[in-house]
Every structure is written in C-alpha cells, then in structure tokens.
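Would you mind keeping the following structure in view while I ask a few things?
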Amino acid sequence: MKKEVITDETDQICHRRRRTGSADSGSGRMCSTNTKADSANVSGKVTAVGSTALQPLVEQAAKDFQTTHTKVNLSVQGGGSGTGLSQVQSGSVQIGNSDIFADQQTGITASKLKDHKVAVVGMTPVVNKDVDVKSLTMDQLKQIFTGKVTNWKQLGGKDEAITVINRAAGSGTRATFENAVLKGATAIKTQEQDSNGTVQKIVSTTPGAISYLAFSYVNDSLRALNIDGVKPTAANVETNKWKIWSYEHMYTLKSKDNKAADAFIKYVQSSKVQKSLVKKLGYISIANMKVQMDAHNKVTTIK
Amino acid sequence: MMNAKQSDRLATVVIYTLVGVVIATLVFLLGYILFQGVPHISWRFLTTASSNMTAGGGIRDQLFNSLYLLVLTTIISVPIALGAGIYLSEYAPHNAVTSFVRSAIEVLSSLPSIVVGLFGYLVFALKFNLGFSVLTGAIALTVFNLPILTRNIEESLEDVPNLQREAGLSLGLSRWRTTTKIVLPTAIPGILTGIILSAGRVFGEAAALIYTAGQSNINVSYTDWNPFNASSFLNPMRPAETLAVHIWQLNTEGVTPDAKAISAGASAVLIIVILLVNLGARGLGGLVYRRLTGKQAKGAA
Amino acid sequence: MQLTRTNAMIQDELTHSSRETRQDTRGRALTYLSIGLVVVLVVAIIYFIAARGVATFTTNHVTLSEFFGINWQPTATDSNGRPEVGALPMMVTSFSVTILAALVATPFALSVAMFMTDIAERRGAKLLQAVIELLVGIPSVVYGFIGLAVVVPFLRRLAGGTGFGILAGTIVLCVMVLPTVTSLAAASIRAVPLSLRQASYAMGATRWQTLRKVVLRAATPGIITAIILGMARAFGEALAVQMVIGNTTVLPRGLFTPTSTLTSTLTTEMGNTVPGTLQNNVLWSLALILLAMSLVFNLLVRLVGRKGALPS
C-alpha cells in the first residue's frame, strides 16, 4: 500500500531535499508523514485561493483528484497571490496559491506557513512581431526596463520607439523578472498589466512593444527573445542557463493540519500530475529541476 | 438669426446624425462580437462542460450559472428596491436627509466592482460563512443593482401624475393601496427598464464575482433537483463561474489552445441570451401592465 | 342590547384603526424595512472602505501631502525612506475621463432618447431600445479587447504615440455608459405628459422648440439622474479602461499619453497585496477618494440641473 501511494518521483524529491538540507521545511515534513496523509479515505472541504497563473493547474488537478477522493470537496478560486497568502494565513482557506515566496510578501509571516512547491514557471521577454531584434544581452534588457534605452535603433534594430509594458507592482511575475534582470535597479514608470493574457494581447497589437510572459503564453502573435544567445526553453530553465524562472507554491498553515489538503497537494506533486498535467499546461516539473532556488533568490545545484 | 423653422430643421439633422452614429456603433459592436462568435456556437458548445487545458470545451455550466445567478439576484434585489423606491417616492419627507440618502445610494453605484467583490467576500463569504457560492455572488450583485434599481423605481413612480394618487385617495383608499394598486401598475414600464439594465449588469459583471461566486465550478448533477444536495445544480451554496467570469478568465490566464474561439463564442452567446431575457422581460412586463391597467402600454414595454 | 352593541361598534371604530389604515401601516413598515436595509448596506460599505482607507493615514502615518503627491509606487520607498503613495495622477485621470465621457455621451444619449420617444415610430424605437440595452450586458473585458483592437490603433494612426490614453478611455467608456444614460433619460422623457407637448404644438411651436423648451426641461430631474448614474458607471469601470488607458501611474500630459485611473490601479494591484499592509490600505484610500469624488460630482450635477429644470 505504502509503495503504491508514494511515487518514486516524490520519493526522489524528498530524498534530494533531505540530503541538500533544503530550507524548505514544508515538503520535508510531508515526506516523512506521507503514509498517513495520502489515503483514499480523507474527507472534508478544502478551498484553495490565490494565484491566477497557477489556477488552471490546480483546478484541473482538483477535478482529477476528486474522481478518486469522492469525500473531499475541493474548490479552487483565483484572487491573486497576495489574497491567497493572506487568506491562508488568517485560516479562512486551507490552501493559498502563490507565485511568490511567502517570505517576499509584505505582511505575511512566512514562518507560520508551510511551503509546497508544485511547479516551475519560466518567463521570457516578448516583443511585437515588427521588432527586428532577435536576441538581447541581460544588460540590454535591463537598460530597456530602466529606461536607459528607448529606441530599438540603439539595439541594432530599426528606428522605432520602445513601448515597455511591465507587470503589476507586487506581482510574483514582476518580482521574478526584477530579481533576474534588474537586480535591484528600479524600473521606469510605464504601463503595468496584471495578467498574461492582457500582456499578450497588448504586445501583439502595439508596434515596438516589449514585455515578458510565462512560456505557455508565447504564441505566434508575438515573438520571444533570446537572452545572451540562450533560448527560452524548459531544458534551459532546468539547468538555470535560462535565468528568469520561479516556483509556483501552494501554502498551508502549519498550525492547522488538514489531511485532505495535504493529500491533495501531495497528489499535485506526484509524478502522475508532474509528468502529464504540469507539462501539458506549459509549466516545468519540479522533479526535473537540476537547480533549486531559495526565498532569497539564491540558486544552488541539486546534487 | 435663424427662424424657428430653420432651427427645427437643423436640430432634426443633428439628432438624426447623432442617432446615426450611435446606430452605426451598435451595429459595428454587435456585428463584431456576433461575427466572431457565432461560427463557434453549436449545440455541443452549449451542452459540454468547460475544459481547463484541452481544446473543445463548452460553456454548459457557465451559461446555467449566469441564468441562475440572474434569477437569485432578481429575487433578492427587486423586492428591496421596490420597497425602498416606494418609500422614497411616496412616503419620504422632502428634506435634506432624504436627498442625502438619495445621493448616497447613487454614489454607491460608482464603486469599482472589485471593492464590492471584496466587501462581499469579507462580509458575506467569511463573516456570514456563506463561502464562495451563488448566494454570496447574488448578494454582491444586489449591492451593485440596488442603486440603479431603487432610483429607477423611484423615478418611475414619481412620473405618475398626482391626479391618479388624488383619485385613489379620494375614493377612500389608503396611501399603500393607492400606491400598490394604482401608481405601481402605471409605473411598470419604467421599472422594467431598471430591471433589464440591472439584469444586463448581472450578466456582464466579472470582477465582483471572482471573490464571491467564485472562479471555478464543481461537478454538478443536472438531474438532482433538490437544492439542498451539495451536488445539485440548484444548490445556491456551491461556487459558480458565470459566463462573464469565464470570458475574463479565458482572456487573462486561459491556457486552452482554443481560448480565443471559446471566448468569442461565449461573448456571442451572452449577447443572444441577454437579448432573449430582455425581450422576455418586456413581454412579461407588458402582459402584467395590461392585466393591471387594462390598457396598452404607452412606452416601450 | 341593541344599543350597547352599536355603542361597542362605534367605540371599536373610533378607537381602533380601520382595515385600510392597518394595511397602510403594514405597507409603510415594509417600505421602511427596505429603505432601512439599503441604508444599512450603504453605511456598511462606506464604513468598510473608510476604516481601511483611513488606516493609511492613522496606522501607516502617510501625510495628506504625500497622498496628494504625484509619485505612485507603494511597493518602493523614496530617498527619504517614505512610501511613494502619491495618488494625484489617478485622481486627475479619473476626473478627466469621467467628465469627458459624460460630456460626449450625453448629447448622443439625449438625441437617441428623443428620437425614441418623439420622433421614431414605436416599433423602431422599441427595437433600438432593446439593442442599446444589450450593451450593458457585454462584459468589460470584451469592451477592453475591442478597444484594444480598434480604438487604440485608430488613435495611434490619428495622433501618433502609442494610442493609449485618456481619449481611448473616454471613447470606450462613452459606449459603456450610453445604454444607462439613454434608457433612463428616455424613461423620463417619455413620462412627460402628452398634454404639455400638445399645448406647445397648439401654440405653434416647432418640434424642436417643444422638445427643447418643454419636454427636456420637464424631464430634467430624470435626465440628471441618468447622467449621474452614467458617470458613476464610468468612475467605477476598471477592466475595460485598464486595457486602453495605458495603465501608467503618471500625470496625463494630454489626451494621448498613457495614464491610469483610480479604479484601474486599484484593480491591478489589489490581488497582490495583503490586508493590513500599507500597500493594501492605500488602495482602500483610493476607493475612499473615489467615493468622495463621486459624491462631489453628484452634488454638482444636481446643482447645475436644478437651474435647467422647470420651476415646480
């Protein structure tokens, strides 16, 4: 029974975490108690709230999960990472979905929360199709978003003003991008949008526009850029050759043990979901990562 | 200096021009939405559940949820708005307090949806423990609709000539009876306009519902007619994503390959449903009006 | 025996209220209850917003001059370590788009309303009204995307720049408030008694003279309400405006530069903040300002409207 429910994939992750002494206490604890947590008998009402970027994955996983765990009543809602973290912290909901480490969110006591990383998202700069620049250096990208470069001509392209579209202040996507690209510098005041879909549409309709998107939203209406010659692919994220990526988290409250919530999160982390759903929805499986990142954006290799 | 005839002609030309511009805009807008959306509408599209990741999802649950939410919201908001409107028009003293209440109600309708949504979430979903549910959504939408409904009902009542009230009162009818039996029926066409406008808002609203009715569905059974069963489609305590919220979701974080097509199809369906509800309400209103007053409606009812 | 009964009956009639009165009392109680509910709701929401909105100043000690400044970046602090919460750009923009949208929409709405009530034949008017009311139900997002696909590129070609800005916002809002203003104005124009129109025509007035000097003036209070509710909608609209206005928190330098309204900033940033923090409180302050501005608007429009109305 035990061997059936603990997939080798999760085992592996647990194994790695234990060996590397990861700061991520959440998954560590789960690994040691997983025999209890996952059983078909769990029941109860679980509400997951937060990140809209993570919502499609969690929602679909919830649907699948409930076909085998019929006594669990799962409801997955959006509302934003800040909402998710604050609602799980106050105990109003059982799971808070977040694009951002709880440590990085103002007003959240991260020590009260248990982090469960469920997927990795890669992000890439995207431009309108009329921009003829194909690749940028990390420094050029920084200069664009800090307003030092304002015309594509300065980067070897045609004479066209750059329209910078940033993501909403305080959002996980923005934080990831600023950590990886701006490295402490302040972005210029410019257009801010809060969803991948809106950014996608604005960039594809505005000549000279640049912004950044999660990999899964890149389509043929716009163009992704290479950075320092590296292509934005899942394989490059897994080795950290592509630097702009972050985790998707599901947080639970440490003081409030909820078996149904734990069982569900474990299901999301299982190889079944990681190998199919996660990939299909354009995320990168945590099991494939050869590096890990802590809440202070320090990246280390998983040995 | 123009004479009266010339200015009348000029005014007519201006009015026709402006109306022409509006009609052109209407035709363009509706044409745009229908042209893009109608090709995607099929029986299958209307009767299949939505999908988060694969192409080919439908809008069955969202369509039903929109209608169900409309019914619930109307049941909650119309009686309250009627009472409040009657009070403001028939009973309220003409003083500063009354006019302040009036302004406060109107100001309420300028609140951004998200504020009403968060209010609904923190107060009704959490404090009153209703959770993400159709009921919470209906209450939030009631908050939205009350201003426009109340003011509209009040106006419609005030437009009824005083002669009618005097006639009722002089026959020895009480004020209440005069209002409900004579004044109210006469005001039905105007009241209907308010109800239809607020119904439109219920269909089109997204931001307020994300925090209240929720942004995802649970599996419901359409054969279970007992609203107290958790899986019944009539259960008002289940979370429910409406069409407008679904369209919003598809356009902001949708990852299905056919998100664009579904969004276009759903928008077209929404417009058609609103048109049907609109016509239905008018038809029903006209019928009630004729029953109660025994004459043909004067206005658009 | 007979006498005493009659006495009792008379006594009963004199000391107890009649059926009609009792009914009236019950009915009146019902309306009191309803208006009470509405008032409680209004007060609750205003308190709810005010309590959070005021916390910016009481708990986070932001000064009023900082709040009315022009630098908005609540997640960062300026060189003095003070939070950057200047909301003036958004106030100016919200004010501008709302006024402009109302100014542009009103002539259109009144024309259509008069057309439906006094000019067109009934069948055409009915159809037009039904179609206009359809517009209310189109989700904001759809308006936003059509604006992005049609209005913004058009303005880009017309005026250069990116096309995002106050004018794009105004155009989109104009269409969005049109149904509200038109339907409510039409309802009040329709309610002007036929006898007034007949009297005017009988004196030899033209249609325009009748409309302008009699009908519109008699309907003024209703038209004012229509405009106010339309402006309220413009004030509160977020998702559509956010996509076409450029959503940049800087002071607008004209009709064609990207800027941001109170509502669009509020909606963009709310989900990423945690209740109780400065970043969250200051967004509620925006909502509070919105309410205050909306109230001032309301009173102003009423004041202007009173002058145009027929003396009653």
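For clarity, chains are labelled A, B and C in written order, and residue numbers in each chain start from 1.
Keep in mind that, in the parts below, a contact is a pair of C-beta atoms (placed from the backbone, for glycine too) under 8 Å apart; a residue touches a chain by one contact, two chains touch by 3 or more.
Just so we're clear, the structure is a prediction, and the values are computed from it rather than from any experiment.
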{"item": "Mutual neighbours - chains that touch chain A and chain C alike", "value": "B"}
{"item": "Centroid comparison with chain B (C-alpha atoms), farthest chain", "value": "A"}
{"item": "More contacts between chains, A-B or B-C", "value": "B-C"}
{"item": "Whole-Å gap separating chain A and chain C, where each centre is the average of the chain's CA atoms", "value": "39"}
{"item": "Computed distance of Cα centres, chain C from chain B, in Å", "value": "16"}
{"item": "Centroid spacing, where centroids are CA-atom means, of chain A and chain B in whole angstrom", "value": "38"}
{"item": "Residues of chain B touching at least two other chains", "value": "251-252"}
{"item": "In chain A, residues with contacts to at least two other chains", "value": "52, 78-79, 83, 198, 201"}
{"item": "Two or more partner chains touched - positions in chain C", "value": "145, 267, 270"}
{"item": "Touch list for chain A against partner chain B, complex", "value": "47, 52-53, 55-56, 59-60, 63, 66, 73-79, 83, 92, 195-198, 201, 216-217, 277, 280-282"}
{"item": "Residue numbers on chain A that touch chain C, as the complex places them", "value": "52, 78-83, 85-86, 89, 105-108, 163, 168-172, 186, 189-194, 198, 201-202, 205-207"}
{"item": "Complex contact set, residues of chain C against chain A", "value": "73-76, 145, 148-149, 152-153, 156, 162-164, 242-243, 246-250, 258, 267-280"}
{"item": "For the chain C and chain B complex, residues of the former touching the latter", "value": "20-21, 23-24, 26-28, 30-35, 37-39, 41-42, 44-46, 48-49, 107-108, 111-112, 114-116, 119, 125-126, 128-142, 145-146, 150, 175, 178-180, 183-184, 186-188, 190-191, 193, 205-209, 211-212, 222, 225, 228-229, 231-233, 235-239, 262-263, 266-267, 270, 287, 290-291, 294-295, 298-299, 302"}
{"item": "Chain C-touching residues of chain B, taken from the complex the two chains share", "value": "4-5, 7-8, 11-12, 14-16, 18-19, 21-23, 25-26, 29-30, 32-33, 79-84, 86-88, 90-92, 101, 103-116, 118-119, 122-123, 143, 146-148, 150-152, 155-156, 159, 161, 172-177, 179-180, 189-190, 193, 196-197, 199-201, 203-207, 243-244, 247-248, 251-252, 267, 270-271, 274-275, 278-279, 282, 298-300"}
